[in-house]
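In what follows, a structure is listed as C-alpha cells, so that the remarks can point back to it.
Chains here go by letter, A, B, C and D, matching the order in which they are written, and residues are numbered from 1 within each.
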C-alpha cells in the first residue's frame, strides 16, 4: 500500500493530536517530519511516535520533496502565510481553523491554493463528530424534511485566560466560528445575522473588550431560521448540543458522557456531566477528519471542508460583531466576501 | 343515561379512592351508600362526596334493592364472607385484593359467584397502569414476538409496621402477590416457582417470621422464564418496573416521576425520584379499573380480572413460601387449586 | 367550611375545564351559575355538573349578589368589557388570556379593578405546570444562580384554522404571548426584543398576513439573554420545553409523555411522543391555577398572575410584531405601557 | 523508560486486539514477537504493527530470554498447557478466559504459577468497562451501602454457530462465565446457585445439548441475592447491563450506543440500539486491562483478576449446569474447588 507522506508544522496540543491519529489509527499515511519553533517540543513528539525527522524551521518540511501533504498546526497568525508558501511548494494542505482573522488573507490563501491546484482542508472537526454527522445524515436522507429551525448550544467549561481573550478576535471569531460552520453544515448559506451579547461570566472579559455570553439569530437563505447560544463557562462542563427541526421530524444530539451509569438515592437520580472539553468530546472526530483528508489526497477526491468554509465562517463572525456594535440585524452581503 | 347504583363497603383509604373515582370521574355510576364499622368514617366520606346514605352495618347495603353492585373495601379477613353474602344477595362485586389468604375460602367465593351468576372483579389495579397496560398492548399486537424473559422489579419506599408484617401472610402473599398477577397478566400461566429470600432491611421483620428481600424465578407454561425481585424498602422510593423481552424486541417501563426536569451542575445531572408510593403512582389505574368494572356490569361484559386471577396469584404466593421453606423449585401443581 | 360562590361566563372548552376543576377537585368553591350566549351549551354543562343555574346573559351572573367571583371564559374580544363590568359589580375576577389585544383596553381593566378593589387573576396556566413551576422553584432557591440564558421552545401539533389566524392578532399575540409570560415568570422584566419570523408550515398563513415559525431574542433588564422558538406545527406533537442556564447550573424541562415505556428492536429504541396538546399537557395546571385563585379570594391574598402580567405579555407581543415589521431590535420602552 | 518486553501467543481476533492496544496505546510495553499455528496470520500482524519477530511455534516465544511476559490468546483448549509451560519458563502471564473448562487443569495452572512465582492475570475485561468499573467504584466508596440485590443482563446479538455450541461447554461455561465473574466482582463470593434454562432462540441449540436462554439466581455469602439473565440472541443487539441495589441507593448501567442522537416524528422518539457486539462495546476495556497487567508486571503489583477468579467463575458455571440437570439449587461447596 502506498502511504501518504506527511509533514506536521507545529507540535503543540493540536499538532500532537493529529500526529497520534496518523501514527496509531491511519495506516494509509506516515509522518516524515514534524517542526516547531520550540524545537524541543518537536523532538519529543518525534521520539515518542517514531517520526524520523524534526525541525525548528518549517521550511525544511516545505522543501522536502518526499512530503506530499502538510498539516498546519502552528499559531493562528501564521496559518495563512504558511498555507500560501505550502501551496506554492505544491503541498496539499490540512490547515487548522481559523485560517485567518481577516478576509483579505483568506482570499490570498484561496488564490494560492487555486493557482497551485492543491487541496486544502480546514480543521472544522465538529462536522466529523458522531452525533452531528448522524444528524447531517438524517437530514441528507430526507428524514427531517424541509428544515425550519436549527438550534446550536455551545458552551465551554472554563473561559480562556484574559490574555488570550484580548488577542482572540472576540467570542464570535474565536468560539462561535465553530458554530457558524455547524450552522452552514446543517442549514446551508446564511443571509442575515443578529447577535445579542452580554458579559455574565467575568467582568474582566468585558474589560478586555469582549463578551462572554451570546445569542446569535440566523436567517438562512432557504427560509429556515436558526439560533446559536454560547457561553464561555458552564459549571457542568462542555455543552455541545444540536437540534434540527423540520417538517418531518426533529433530530437532537445530547452531550456525550464518560459513563451511562445512573445512581439513585433519596436525593434523586444522578447521571454524568458531559465529557470535560474538546479533546475528550471530539477526539474521534479529529481522527476522522484526518482520515478523510488523507483519503482525499491519496485518491484525488474533493475535500468536503474547504477554505471557502473557513471564509464564510469568518464572515458570519464579522457580521455578528457588527450586529452587536450597531445593535441591528446585519446582512451577510454587507460583509466583504 | 342509566347510572349504575353502587354501594361501598369500607370507607378506609382504598374505599375513599374508589368513592372519589366514581364521584368525580365516572358519570356512568352513582354511589347510593357507604358503610364502615367505624361509622364516623363512612359519615365523613358521605358528607364530603354527597353520598346520600351511610351505615355501620354493610348488610344495609346488601339489603338495599336499589343497589346493583358493591365494592368490598373492608379488611382482608372479611372479603370472602362479604363477597359470598353479596353474591347471594344478587349484587355484582368489585373486591379488593387479596380475596382471602386461603384457597378454600376463595373457592367458596368462586362457587357463590357462579351460582348467583353475578360478576366479580378483583382489584389488581396494576393491570390498568398506563405503562404496564401499554406493554401488554405491545405484546398483544405481536410487537414483542414470542416472549422469552419477563422481569418485574417491585420495591416499596418503606416497610409496613412490624405488627402488620406479623399478620400479613408474609411478603409473598402480601406484596409479591401483585407481581405474580403482573407475571400472569403478561406471560400467562406459570408452571414452577423458585424463591430466594433474605432479611436485609430490618432484622425485626425476620424475627416476625418473614423476609424483606426476595427474588422469585418463574417458569411459564409457554416456555418463557421470569423473575420478580422485591424489597420492602428502597431509599429512593417506590420502584415499579417491568421488562418484557421477546423474539422481536423488548419493552420496558421506567418509573413515573413528579416532573421531567433535569438539573445539572458540577456534581452531575439530577432527575426526580419515582412518585412516592402506590397512591401517587397508581392513582389513575384505580379510576380505570373502576371504569371498566362499571362498564362490565352496565353492559354485561366479562370482567378481565376475575376471582380466578386472585386464586392463581395466591397459589403462586404459597408456592413461593414453600420454595423458601424447602429450598427447592416448587411446581404450581403441588399447590391445591 | 365557607365555600367561595363562583359564576362562570362562557361554557366553551376552557369554561368547561374550569367548571370541572372546581366541581371535582376544589372543595373550597362551588359554582352557582354558568352562562353562555349559546344557552344550550351552558345548560348542558350545568346539568352534567349539577350547577343550579344557567343563563344566556352573563349580566344575570354579575347581578347575582350571592356570587363572589366570576371566571371570564368568553371570547377574547369580550374579556375586557366583561371584566370592567364585573369589577364595577364588585366581583373578584379570573380572566382568561389574553385580556385584550390592545393596551388601552387592558389599562381600562386595570383602572376598573383598582377602583373597585377587586382581585383579578390572568389565566397564564403554564406558570402552574409541574415542570416549569419546579424550575422556578429551583431558581428561587438559588440553585441555578444568577440567570444567564433562558430558552423556551413552544410548538403546536397543528396550526389553527386559517379563519382563526386572520383574527388572532398574529402568532406573537396569540401563541408567543404565553412564552413571553413564561420568559418574564423566570427571567423578570425584558428590555429589548428582536424577532425572526418565517412562513414554513403553510403558505396560507402567510397569505392571511401572519407567520408560522418564529424566533424571538430577548434582552432582560437583569443582563440575561433569552430566546423563544415557536412553530405552529410539529409533526411529533406539542413541544413545550424550558431551559434555564445560570452561573451555578442549568435546569431543563423535557416534554411530558403518555407513558414511560421504551420499546427496542432492530430499528432502535422508541419512546412516546409528547402529550398531544394543551388540554392533555396542562390539565393539572388549570386545576392548580384555579385552586390558587380561589385561595387568594377566600383568604385575601395577592394573586401572583395579575392583569399587569397580561399587559406586559401583550407589550412584548407588540414589540415582536414591530421588530419583524421593521427588521430591527425593539426596546420595550418604545411600546406604550 | 524501561519498556516491558512482551510476546503474544495467538494472532487471532483477540490476539490482534491486544497487539493493537499495546502498539498504539501502551507506551510502557513493546511486542517483541507474535506466534500462531497459522503462521501467515502472525506474519501479517507483525508486519502491520511493526513487530520484529513472528513464529509458528510458541515455544520460540517462551524460549526468548528477552521476553518478560506472554499473552496467551490461542484456542481455549491450549490455554492451560501453555500457561503451565510459560510459568515454568518464568514468564508473567496474561491468559484469555476461560483458562480451562476443567477444575483439575486450572488447579495445575495455579500450582505452576505459584511455584514459579510469576503473575497471571485473567482476561475478564468487563471488570475494566467504564460503566461497570464506575459502579464498582461507587460500591467501594460506600455510596450504595450494604448490597442487597445484584442484577446482570447479558444478551448477545447473535448465537454462535451450532458447531461452536457443541464444543463450547454450554452457555454457563461459555457465556454466563463472564457474568459470574461480574457477580463476584461486585458482590463477592457466592454460596448457592439456581438456574432456570430454556431453548427459545433456536431448536438446533437444544439438539446440540445446550440451552440458549437462562436465568440464574444467586445467594451471596454476604446475604445479598443476585440474578443473571442471558440470551444468545437479542434482535436489538448486545445487551450488557448491571443494576446494583443497596441500602443507600441503586447504581445501574445502561447500554452504550453509537450516538446520543434522538429523532422524533409522528411515530415517537427513536434513539440508537446498543453498540453491536463485544469488540465495539468493550474495546476500551481491553486496552485498560492490558495497561493494568503491564503495570502490575513492571511495578511488581498484585493483579486484581487472577487465575483464582477464573477457577471460581468455572465452578459457578458447573454449579449452574448441575442445577439445571437436577432442577434444584446447588451449593457452590458441592463443586470441587
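Quick notes on this structure:
What we mean here is this: contacts are C-beta pairs under 8 Å (C-beta built on N, C-alpha and C of every residue); 3 or more make two chains touch, one makes a residue touch a chain.
This structure is a prediction, so every number in the text was calculated from the model and none was measured.
Greatest centre-to-centre distance from chain C is found for D, with centres as Cα means. Counted by C-beta pairs in contact, the busier of C-D and A-D is A-D.
Note: centroid distance chain B to chain D, computed from Cα atoms, is 43 Å. One inter-chain figure worth recording: chain C and chain D are separated by 58 Å, centre to centre, where each centre is the mean of the chain's CA atoms. One simple way to say how far apart two chains are is to compare their mean CA positions; for chain A and chain D this gives 40 Å. Within chain A, contacts with two or more other chains are made by residues 235-236, 248-250, 264-266. Taken in their complex, chain A has these residues touching chain B: 235-237, 264-273.
Taken in their complex, chain D has these residues touching chain A: 23-25, 27, 48, 130-131, 134-135, 138, 143-144, 248-256, 258-266.
Listing the residues of chain D that touch chain B in their complex gives 146, 148-149, 151, 155, 194, 196-201, 213-215, 217-219, 223-227, 229, 231, 234-236, 239, 245, 247-250, 327-329.
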